[in-house]
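Both complexes shown next keep chain A, but they swap its partner, so chain B is in the first and chain C is in the second.
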Partner chain A sequence: MDIIRSNPERFFLLVLSIFILIILAIIPSYIADYYVSLLVSIFKFTVLTVSWATFCGPTGYISLASAAFLGTGMYVTALIGEKVPLPLVVLFGGLASFLLALLVGLASLRIRGIFFAIFTLGLSEGLRHFMNWWEISREGRMGRWVISADYLTIFYTMLMILVMTLLTSYLIRRSKFGVALQSIGEEEEAARHIGINVNAVKVITFAVTSFWIGATGGIIVTQWLYVDTSTAFDVSYSFTPTLMALFGGIGQIYGWVLGSVVFTIITELLLTEFPYYYMLIFGSVIISVFLFFPSGLVGVVIKWRKGKLVE
Partner chain B sequence: MIVLDVIIGGLLTGGIYALLAAGFSLQYGVSRVLNVSHGEFIMLGALAAYSLYVPFGINPLVSLVILGPIFFIIGSLTNRILFERLRRIAGSIEVFEGQSILVSFGLLFIIQNLALLAWGADERGYKFLVIPINLLGSIFAANRLVALSLAVVIGLSFFFFLVRTRLGKAVRAAAQEETGAQLIGVNIQWMHGLCFGFGASLAGFAGVLISTMFTVSPFMGLPYTIIAIIVVVLGGLGNIIGSLVGGLILGLIGSIVLHIEPGLELAVLYILFMLILLIRPKGIFGK
Partner chain C sequence: MPIIEGERVSKNFGGLAAVVNVDFHIDQGEIVGLIGPNGAGKTTLFNLISGALATTAGTIRFKGENITGLKPHQICKRRVARTFQSVKVFSNMTVLDNVLAGSLFGASTGMRMHDAKAEAMELLEFVGLSAKEGSLAKDLTIANQKRVEVARALATKPELLLLDEVMSGLNPTEVAQVTELIKKMRDKGITVFMIEHVMKAIMDISDRIIVLHHGEKIAEGTPSEIAKSQKVIEVYLGD
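So, the complex of A and B:
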């Protein structure tokens, strides 16, 4: 049943994705600057969420290290942005995150569950405090000036990173690698016994997905002109990908994308419409998602479709 | 007398750390909620103590007695309304633990925003017992010594409650092995509410004591939460007595680093914390 259905559906999804991609590629010349920057922001959070969920979704690890990877990318740009051409800067930002994630991934070999969550939270905050100390007492400054790129460059770079992230995630999930990840999440010991190199699969996936977070940091920072440790390593970047993935519904790439798009737009709207109540509403949304829609937007859609079928 | 300076300074901070970590540990140990909004309860305690002292002149020591029960009720209600429901939905305890972090993160946002609306974003402080006291050749402000001795009194009475009373025994049993505790007749649901409430009370106490020494604002919470997490990992997650000792040790380490390289103390605590997680995930007192 599934096989018969999946082929036209997959074809349809492919056509739809290409269609959306073409629209996104030509849209900046037709819309106001504000919407371009909104799109960039949506791209940013989608990359963060999809990268997060590709590793954490199937394995069940909760990583709160996204802020560390994003901040690392930003600081790479701040450090070498003037000396190296922009594409290389972004590449190096990704590489730095990749290396950091390799180290963190090694930690994931030893610790599981809640310990991994607090370990990675500690990493994000620890890195921020360390950089803060380094900048103030060794370099004698609070933050750094950053090279600025024009908004179209930022837009297209982000679009490219987004496409690459989705492609990476899709390929990982479709390959044997993805199956291996899934089986690690279900029963790590059993996965090891059927001959999966559990350690390699975990570390490599974590590092590869973090590459794109670092690259995002590297390009996104050029919007700001100036960066300091508390904006670069902002701890809310660690929590939002988790929330967005759960908001959309864990388990499907389109769920993560949907979650990030809707969530970013809601956040943006709340910030402009209710600046004083933004956090209040945001917090309530988070809590209600868990209490009332534990399977996310995708769950709501599936339920709705099922309801229709029953009728 | 630099050594003595560092040691006493460390114990002063450590006493507060122990108190805020004990509450956090209790909430995780029994209720299984890694409460990221713990620091917000500390912040509420501190701001409430400020608002009782400045217009009404109510001594912070009296505020402790007033706020303790109020925070207990708020905590129990939070557990009842949010976490009991989440526990039912989540199914397994692992899923619940993960989701409770995120739900309490949402709670953090709500509490912080409410505090911001009620008190505004300013840093506030009041002068309470700013009298220099000479202790073995080093000078300390009286308020810090009062805060430390209160932290010790609260910490010790809490310790004796856990070790000496039947209810305390039930709490420890629930933290050790939930199913086993239920088998010997501990009402576990009631225990979740009780411990979450106690945790909130301890956070409120810590907040009141902090407000006697430092300036307070709606944004002060998160750093304290993170300190609580570090202390609790140091002492072993869910090991409540370990977190009392861990707090003191962490205060001492912070004080030593502060003396050698100011500004690096938090970074060192984090590095230490990650090392401990890697080497001894069960905490330094874990088996």
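So, the complex of A and C:
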């Protein structure tokens, strides 16, 4: 019953995604540079949100360490950008984040709930302060110059990372791993007793999803020419993915994507059109969505479709 | 040959001795009951066998292999499954997915999603929950949630099943149904070790009964021996 209902839908989504992908691949030649950079920004936040939600959504472990992974990727580029070709730089950025996430995961295995959130936030902020101290006292500098890449290279690299992130997330969710993550979120103890190696599943998923955040940092930083610890490890990168995923709807990949896209566009619109009222309007929008649609934009979609069915 | 045996198994929580030097064994194909007043250490003993807790002293062997100190998932893979005293179903997952999780992990490895689903459906039929496959586990009655737990445990393909009070809170009809279910499991070749407070049921169904009191084993024997044991009567009724 379930299969019959979901299959045509899945097919439709597949066709739609491929269609969107083709459009995205050819669009830079037809639109102004400003919109290309807006798209890059959307890609960036979508990668952050999807990576975050793939692990945190089903397990309920709220990680506030995204900024640490993004910043690590950026610093990898700052350090080796001139010595190594760009694709490798991006790959190393991802790898560094992967390893960092592995360490964070191993260190926080026994911590749950709010403690996990605070622990990851502390780690992220701790890393920023450590880097800051290191740069100033050991290297005698505030920030670093980074290589620059042209905007099309950045666009296509980000598009590729985005596709890989979505694919990773999709494959994790529809495999055994997805079932394991959900079981862990529901009843961790029971999950252990049905043969799930809970620690391994948690740490590996956390690390794999963090890989793409690091890769994003590695390429994004080439827009800026210069990076320092407060921009690289900006704590808002830890909170935004959480907000975007909840804004879109925590249960579904399309919710995370929808949340990131709409959220980024609203931010951009408000910042450029109403710079003085930005915070006020944005706050009201977020509050209304959470108040009236606790399951996010996905909830709006579902309600709308139900309404249509009734007619 | 016993399928599982414990030798001087002990567990202390700080200064509290929850399980003290307990020797036990269960033979292949037996149904063994574990009874005792509240706080006697029954669930703690289950936690020690299933790896949820580490023993303070003593050894536990499963089919001759020392499994003391193994992690819960490792013990599950050696074909020991359990249910929980306070129900621990995956609340927001469907009944089918609950059982499917057991099939996908558990003792079998590399099972295809399609086969695992078919097997999960069979198990739901076995425990009498076919009609509920699509419901969320949290929407079921406690009695049915306990069945989900049993089906999920069976999906991991155990040779030894630890049932922690599957009958508590059930009405007499449901108790009779679960009793039948346990007999059916035994007929499939699964050895059952069960904690139970529903005396009539455990007396009817068990081949042997072990009695714990203050963490110590005070009696062991057939149901009729236990019913006559002066020591057991004292413990339950006071002297």
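Rule of thumb we're sticking to: the second predicted complex is superposed on the first by the 300 of 311 C-alpha atoms of A that agree within 3 Å, B and C clash if a C-alpha of one lies under 4 Å from a C-alpha of the other, contacts with A are read in each partner's own complex, and residues count from 1 in each chain.
Here, a contact is a pair of C-beta atoms (placed from the backbone, for glycine too) under 8 Å apart; a residue touches a chain by one contact, two chains touch by 3 or more.
Since the model is a prediction, treat every value here as computed from it, not as a measurement.
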Which superposed partner A:Glu187 touches (first chain B, second chain C, both, neither): second
Greater chain A contact set [chain C / chain B]: B
Partner chain(s) touched by A:Phe282 [first = chain B, second = chain C, both, neither]: first
First (chain B), second (chain C), both or neither touched by A:Lys176: second
Contacts of A:Gly126 with chain B and chain C, given as first, second, both or neither: first
Which superposed partner A:Ile196 touches (first chain B, second chain C, both, neither): second
Residues of chain A that lie at the interface with chain B and also at the interface with chain C: none
In the complex, chain B residues that touch chain A: 34, 82, 85-86, 89-90, 94, 97-99, 101-103, 105-110, 112-114, 116-117, 222, 226, 229-230, 233, 237, 261-264, 266-267, 270-271, 273-274, 277-278, 281
Complex contact set, residues of chain A against chain B: 60, 62, 107, 110-111, 113-115, 117-119, 121-123, 125-126, 129-130, 132-133, 136-137, 235, 239, 242-243, 246, 276-280, 282-287, 290-291, 294
In the complex, chain A residues that touch chain C: 1-2, 176, 179-180, 182-183, 186-187, 189-198
In the complex, chain C residues that touch chain A: 50, 52, 71-73, 76-77, 81-82, 84, 88-93, 97, 100-102, 104-107, 113, 134, 152-153, 155-156
